[in-house]
Amino acid sequence: MSVPLSHILIVASLMFAMGLGCVIAWRANVIMMLIGIEIMLNAVMLTFVGGSAHWGIADGQLFSLMLMALTSAEVSLALAMVVYLHRRKQTVNTDRFDSMKG
Amino acid sequence: MTSLIPILSLLIFLPLVGALLVFALRQSASAARWLALAFGAAEFVLACAPLAIDRQGTAQVGVPTGFFLYQDHGWIDRFGIRFTLGMDGISLVMVILTAFITIVAIIASWKVKERQGLYLSLLLALQGAVQGLFLSLDLFLFYLFWEAMLIPMLFLIGVWGTGRPVYSTIKFFLYTFVGSLLMLLAIIALYLMHGAQTGSYTFALPALMHTTVPYQLGLWLFGAFLLSFAIKFPLFPLHTWQPDAYCDAPVAGTLMLASLLSKTAAYGLIRIAYPLFPEASRALTPLVYVVAVLGICYFAWVAFAQRDMKRMLAYSSVSHMGFVALGIAAWSPVAVSGALMQMVNHAITTGALFVMVGMLDERAESRDLSDFGGVWGKVPVLAFFFLIFNMASAGVPGLNNFVSELIVLVGVFKVAPAAALGAFLGSVLTLIYTVRLVQEVLFGKESKPTVLAEVSLREGSVLVLLAVVVVYLGVHPGPVLDLFKAPLELLLNK
Amino acid sequence: MMPATYLTLMLLFPLLGGLTCAIAGRKLPRVLVESLACGAVFGSFVCALLTALSYTAPTVVTLAEWFASFDLVIPISLYLDPLSLSLSVMIGFVCGLIHLYSVFYMREDEDYARYFALLNIFVFAMLTLVLAESLPLLYLGWEGVGFCSYLLIGFWYRDTNNADAGRKAFITTRIGDTAFMIALAWLFQLFGTLSVTKLNGMGFLMPVSVLTALGILFLIAAMGKSAQVPLMVWLPDAMAGPTPVSAMIHAATMVTAGVYLLARMYPMISASQTALAAIAVTGAVTAFYGATCALAQRDLKRVLAYSTISQIGYMMLGVGAEAVTAATFHLLVHAFFKALLFLGAGCIIAAMHHEQDIFKMGGLRRTLPLTFWSFLAGAACLAGLPFTGGFFSKDSILMAVWHKGGALYQSLYLLGLLTALITAFYSFRLVFLVFGGGNGHVHRTTGLGVMQAVLIPLAILGLFGGVLNLPGYMGEGLLTRLFVAIPGGGAVEATHEQEIVMQAVAGALALAGLAAAWLRYGKGRAHRMQEAQSPPSPLISFLANGWYFDALYNVLFIRPYRALAGILWERMDKGVIDDSLDGLGKGIGSVGQRLGRWSTGRVAVYLISFAAGGALILCYLAWLVL
Amino acid sequence: MEATVFYILAAILLIGTLCAITARQAVRAIVYLVVSFFALALMFYLLGAPLIAAFEVIIYAGAIMVLFLFVIMMLELESPEKLPKPRFSDWWPALALVVVVVGALAVLLLSHVRAVPPGFTDIPVRQFAYTLFKQYGVAVEIVSMQLLFALVGALYLGRRK
């Protein structure tokens, strides 16, 4: 395949930026924030895989795999927390959870 | 020369042990008092002991030249920190002065009512720290004592202070702490630089003097030292902690602050900052001149406006410290010996004045000038001493301050006539407020019909002691000046 | 060895006497303190006489080392030469008499110990000043007399005015002293020594401009101590002290210290004609100023104070005209007759229940005859009536001024003559007002007899003081012979005819002044007394208030100083420096609070901060690449 | 040929993501995201990582997204009222940051990668497995423990009192 690495990276960075925008813009909606994080993680995975293919080393792919495992752990915990919080306050609006206010 | 008895360590640890014992005995106030006095006296005897030994002894291997007493023990070897103490003429005089002033402070706090044992214990601890500072030849050790001094002082002001003690304590602490942190940075920078150059990481002062410091960096490092010392001094724009702290501290606290803690800054400049950074100090000398002369005149002028005697004396004290700064700035043998002499004289004269104001305060329960007047008619003996110390402070010849101010001014005039001229102007301003103080307290009509008690035996003994020293140093300061000679020759030829 | 012993004893007697009185005086019986104080001074006088008898040549006596720091070595060394010798004999004599007088004058006062302690220490300091060979030691005496004067002017300290007068004197003279100190530091820088003899010997090594500046510094020092224009304001107020103190300190000895200093440093200063001219002008102007002010005073002691200012002006004029001998001559004679006048005034004041207004006196000629005759002798000397001591001494100064020539000195000569006329007028105004007229009522105090007896030796010395240095046509002067060895001590080389003509002119002027005073205050006495009741004319109050110099200084220096002190403290110290730091503290605090508000506890805010931080790092990296 | 496919997939990926982040409802966003993840999986395959592509489909599009859907449905968050939507003003800081990040990344990319020639090498599964278990055996263990902890944590958080 004759796609330059830089194109892959551009796609990945665009995707990452979208994820970032999602997290910031949906500031109150915890579900959408988690989705934004997933998007960013996928962008990182794309970078890893692209690099791995470019240099012909398996480490990049391997880290994608690790990332996936990590993400699944993270998502499961995060969603469990969403459930937990919803149970306590009947809402998932993050602006309502401000007991850490300094 | 190293003697069999470790005099130098004893000088530091004796007061500390005393502090612990006095603290243990704090339930019985009179026992604590006498014990503290006994430790003070023992320390004084110990401090005078080096006068008896041969100070011209030949240099020994490993001992820096000029130090006739020297101790060196490993401490935190990993970082090259050693417990190095050394005594030359300058530190000898300072050590004796510290011991003397502490005795005066102990006697002056004979009548403290609240928690006297703790009070005296803190005084002794403070003395130990100051002695350590005057003796240490390891920069880290110096810094340690420099900070250690702060702690008892803070308690003395904060717990036994009057007026706004907490405000004054915090102000005092913040000022001095900012300065000392900068100094710590400079010390570490110097330590690293010396280590990189020679491969041996050490805080030993004699070794660090051989570090080659780039000019620009030297300016910064010297500036950090200067700032730190200038705050403790205090020099002109950095002084506003001082009137508050002096005013609100108890008598012995003010005495220690004015007589000893300000001297540690001057000592640091002479022993550390100037010898370590010769070029940088030369470059910043004009600044020191300006600040010193401005301080002499400005503080004398502001002192004139005060109504509170203690505050007036606080300004007077900084004004006189200006002469010390001036002498150090000139960095010529005559000027520096004058500055050292002025340190001794200032400690005694200003200390005596603060003690006297404490006595007046005790009697009339006021420090406001308008509450006094005609004191001469009521308590002639007290008035006599008050007059003597004030005249000494105004620089009347025959009393101690004149000698040192003359030496400083003659020395400075040789190097920087303009600075000396400014200081001369200051001597007129000094007289103006001194005469005002004398007049409003001693002369005039008796404004309050209160009966003032005449000096008691305890007070009389302190005053006579101080007055004798004032006259002795005014008439025959030779022995003290001789002690400065050898170390200054070594310091200034570097 | 002999001079050293005498000199040491001369200084030690009053010092020990003073210290004993100061420390133990209140415990000792009164008679013992009085006799101790008097004995100390007379002992010192005897030592001075013995020194004079055994005197052969100028000697330097080094007693001990005061202090030494590297090349700055200050010995305690004394210098004996005709100048210091003659002055110390005079000081011993006059001060001894005044101590004796004080014993009776201060009979009523409780604070005798303090009084005699200060008086004795004053004598010690004055002798130190005169005998000192090293300048710092001279300065010790110089400040010592100032210190004693400060405390003695304010001796009756309960009255704030007295204490204020003392303070004024101390501070004003300190301004001059500072000039002295500057000169001292500069001399050390130039020559590396502070020995008077060495400095005088090396003075010629320096360029004239430097010497001029040094001369002016010494002149300022002398201005302060000797109450010369423009630092003369303190002396009239200094009369607040007890009268014997005024006689001793503010007439005979301390105030002439400035003249002495200039005479002492004369060999060095004389190389600069500018400095000499400045000294002469200062002297002449002061002489004129003092005389005009004395014209209008109503207070007996203030008349004498202004006349002192004026007479010291003559002495300065003499130094400025290169006539050190004449100046010293006048200094000695003036010491006698002015002490006489003050002590006489003391007798009058004691007899008049401490009344000092001369317009309320009169007729004392008959009730106090002894005082009258002595006072008359003093006034005659002051006025310069022919053949009195004052006549010869004043005339020798005027002659030296004339002889120096040049437009400047000739106009100074004329000013001096005019002043002499005024002097004669006000001297006899005093005599006619105090002693003339109807029978005065007096109050006989105990001891008045002894006090009056003290006047007699002084009157004799004043009247016949001319013998000390007769003009050339009457035989060689004693002082001239003594002083010929020291620079500036030589006699003025004038022909006898010139001398006679000049003395005739001066004598005629003095007599004219006497006649005018008689016309106005002797014959027209009653008229004047009436006039004194009405408010004075502007000219009179101008003169009476010392040309309003006090008010001027008040506006120019004192009030701004006070006001600025307050402003510096309130605005500068507390305002700018302290408040700016307090403000800094508060600023940091509020910044912290505002930063604290940033941590809202809301996830969104943390996230956006985190992202912004990451973006910043990225930007920094990108910037590095660019 | 492959390159064309790649660019088409990239376009799908980006558009799908854009739709996902701007969707009005969370459920729709998840559906869009599943689409873009399928495109991503294909891109992985094109880049010679079939194993990762398979995992992407199975774990991401399959498990994680379904988990999201499950939670949304369990908590009855489907209606738009229950989940606050971004106001218009919320988008500005996000856009500004995005622009900054993209700009900075672009600068970095352009300056660094330009010199690298295009071209990819396939990595056989054998090599992948070899590296994974030989070189990163400890990492695998740690990840497995992490999964275990997450399991315990999720159980703990989700338990009913």
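Note that the chains take the letters A, B, C and D in the order they are written out, and that residue 1 is the start of every chain.
Keep this in mind: a residue touches a chain if its C-beta (ideal position, glycine included) is under 8 Å from a C-beta of that chain, and two chains touch if they have at least 3 such contacts.
These figures come from a predicted structure and were not determined experimentally.
Here the chain-to-chain distance from subunit A to subunit B, counted in touching steps, is 2.
Common partners of subunit B and subunit D, by the touch rule above, are C. Farthest chain from subunit B, judged by C-alpha centroids: D.
Here the chain at the heart of the structure, going by C-alpha means, is B.
Chain geometry summary: the mean Cα position of subunit A and that of subunit D are 6 Å apart. Inter-chain centre distance (subunit C to subunit D, centres taken as mean C-alpha positions): 101 Å. Between subunit B and subunit C the centroid-to-centroid distance comes to 38 Å (mean Cα coordinates, whole Å). Separating the CA-averaged centres of subunit A and subunit C is a span of 95 Å.
Under the contact definition stated at the top, the residues of subunit C that touch 2 or more other chains are 608, 611. For subunit A, residues that reach two or more other chains under the stated contact definition are 20, 24, 27-28, 95. Contact topology of the protein chains: irregular, matching none of line, ring, star or complete. Under the contact rule defined at the top, the touching pairs of chains are A-C, A-D, B-C, C-D. Within the complex formed with subunit A, the subunit C residues making contact are 596-604, 607-608, 611. By the touch rule above, subunit D contacts subunit C in their complex via residues 93, 97, 100-101, 103-105, 107-108, 111-112. Interface of subunit C with subunit B (complex): residues 22, 26, 65-72, 114, 136, 139-140, 143-144, 147, 150, 154, 157-158, 160, 163-164, 167, 170-171, 174-175, 178, 181-182, 184-186, 188-189, 561-562, 564-566, 568-570, 572-573, 577-578, 581, 585.
Of all residues in subunit A, only 1-11, 13-22, 24-29, 31-32, 34-36, 38-39, 42, 45-46, 49-50, 52-59, 61-62, 64-66, 68-77, 79-84, 86, 91-93, 95 touch subunit D in the complex they form. Residue ranges of subunit D in contact with subunit A, taken from their complex: 2-3, 6-7, 10, 13-14, 17-18, 20-21, 26, 29-30, 33, 37, 40, 43-44, 46-49, 51-52, 55-56, 59-60, 63-64, 67-68, 71-72, 74-75, 77, 82-86, 90-91, 93-95, 97-98, 101-102, 105-106, 109-110, 113-114, 116, 118-123, 127-128, 130-132, 136, 139, 143-144, 146-147, 149-151, 153-155, 157-158.
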